[in-house]
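The chains carry the letters A, B and C, assigned in the order they are written, with residues numbered from 1 in each.
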């Protein structure tokens, strides 16, 4: 049962809430209690733009449990405009045609569910930034 | 003055053609296409549902409204395919948009009319002064039973409208409703697919209620069909709305932007709201739009909007309906469609 | 701190061991080790196991394993650092002996991975990455390394053939190892036409799902002098380090920071340079991993791992043999056991007991065992006493 675990992460998963260090300005996603850049401990919450470019990716063909219905699907590391790097699925695309450097933007999508009758988990995913 | 301050839509990227479905069931594709004025429909990706379509449509509406999301005091999501039978879609939308926690929300259900129900309530709440802004969404990922006529049309999409009293892009002129208890289409608790009354869904159901709502609002406002620049009716297929429009004395140019079903299918609660969004994409300032929904069970909501200068300014902040409808489509074969729509039995 | 020697090594044949349980395997490897040492004395035991909770529904191995080993009353510790759990177990046993807490300390690595479906095993392995920000998004370990492979191919023009050569080379070594899960050679063509798992990595780029266990017995160099049957192997250096758990959070994902620091620490403690090492057992969980590791630890410059592999630098008869055992690729990768099995191989080679795969008189060996996508790493430098 992942309910509390998922619920706790809703600000990050639903609206990409990150922590911006009040001392050095470093943005951490997820937000942390200690800034990895300067060890400061005060942050402002900011919502990330979701826009960025693809650094590297793969196409998952042998999926872990719970993801079989989506395979094959692309997962990549995206560098956002804010400089933050995030791993996420890339959906609404032909995975075979993805290229490093592709411009992507985030969308709100269904990630997984706890079986047919359990909680549904939603999150950001990335899609090609083609103005749709 | 109250009305629409932002609108946005989301249509899945996947499509299936009438021919592809007809082939599986040995049906006559050309007869269906001609008879229903329907060529293809949108299909939600496996990671899309009513909640995701609602959120993404609402985010587009928020871009056009350019307001602090905390100004939205009410959120209504109309759908017959809410992801949970019990647990609101509206909370998901409100959280994703950053509207929580001081917001009133409700999920609405009235077959294909649930979207305009939300719009009606949102407008009245703004009018009353109870909230500054209100968000109404019509969204569905509906399913027709395999082989049933509805399988050719039941599609997916969402349209979202933010209502307010400042910076209107379309002012509300009037509303009206026309409703009776008419069981033309339903889905019982725990049933996967809906049932319907076949030809009974036409004359005594769709035609009667749409006509009733149109005549009511025309009478209330002292207007005639030719007074409207644009017209949007609920569109379960491409045939019904054209039939009733012609019978009432409307002409093709009036519904040319709003009639989307031939390549979109029936997005149920999203259907007529999506038509309104497509019309707002193209309308000029100071034009008058008549919107009439229909939901089985059965009833119609009617709205008259008049566009403002501001519409031209905000339109570009989010993608147009035609762009979402016509570009970057991926066509599915029936097998992949059946997988996407979870029509294949698998072990738990 | 006291100098520490390895006086016993034990392993079991790796594979899909349908008839053996987690406890059977751990005990069998430990008994083989004690038999090899010629003593059954162990003052403490450390068990390296990554995920018996998910794989077998069994935690509390620090009670279970000593119990079934017939050593109920000794202090026992279970350590976990994903696929580096085995290396960490050896390090913990080293600390027991070096510190004086124990005179004889046993390290056992074990993983029983075939009690669950492949999907569940994939899930269990994915607990080694960032559950909430990586695994939640449907990434798998082949997927994480596939992203590294793509980045390496794009930055350095590394080719698919170069990646495949790592598998070809390690299978060629593993074919000579009686304990290997897949003791047979594979061809370039076989690797390049095997099932795509996570582009660009294919089935034969991946280490398998394996049941296995290995054990080593450590004591002080002084005590070790009592055991004359085999040459004495001394642990000269121990190095351990960590990096960000999530791959996306590393400044340069192709530089394995934990590996770099762990190797540096182990070599520094031993007073050696990488050039002094005769051979290494490295963590080739995927073909790309071996290339990344050989570049990171300084065997070749960044970008040269692929060409050097093709040129035979790391082959059994090359100048710097890597994974004479067959590596995780051919020998198998029972995740918690692999780090101990690497030490097993290093000691076996240094003693000159490796049979058909025996290297020519090696003196100094390095083992490099890493967790996850490089979030943790444990290294050992071992030397055989003349």
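Note that in this section a contact is a pair of C-beta atoms (placed from the backbone, for glycine too) under 8 Å apart; a residue touches a chain by one contact, two chains touch by 3 or more.
Because the structure is predicted, anything quoted here is derived from the model rather than measured.
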item: Chain centroid nearest the full-protein CA centroid; value: A
item: Maximum inter-chain contact count - chain pair; value: A-C
item: Most remote chain, CA-based centroid, reference being chain B; value: C
item: Where chain A and chain B are represented by their mean Cα positions, the distance between them in whole Å; value: 29
item: Rounded Å distance between chain A and chain C, as computed from the means of their C-alpha atoms; value: 32
item: Averaged-CA centre spacing for the pair chain C and chain B, given as whole angstrom; value: 58
item: Sites on chain A at which at least two other chains make contact; value: 70, 89, 111, 125
item: In chain C, residues with contacts to at least two other chains; value: none
item: Junction residues of chain B, two or more chains touched; value: none
item: Touch list for chain A against partner chain B, complex; value: 10, 14-15, 47, 69-70, 89, 91-92, 94, 107-111, 115-116, 120, 122, 125, 128, 130-132
item: Complex contacts: residues of chain C adjacent to chain A; value: 117-120, 122-123, 126, 132-140, 142-143, 146-148, 150-151, 154, 195-201, 246-249, 253
item: Residue numbers on chain A that touch chain C, as the complex places them; value: 5, 9, 30, 36, 55-65, 67-68, 70, 73, 75-77, 85-89, 95, 100, 111-112, 121, 123, 125
item: For the chain B and chain A complex, residues of the former touching the latter; value: 13, 45-49, 51-52, 55-56, 59, 83-84, 92, 95-98, 319, 323-324, 327-328, 330, 339, 342, 348
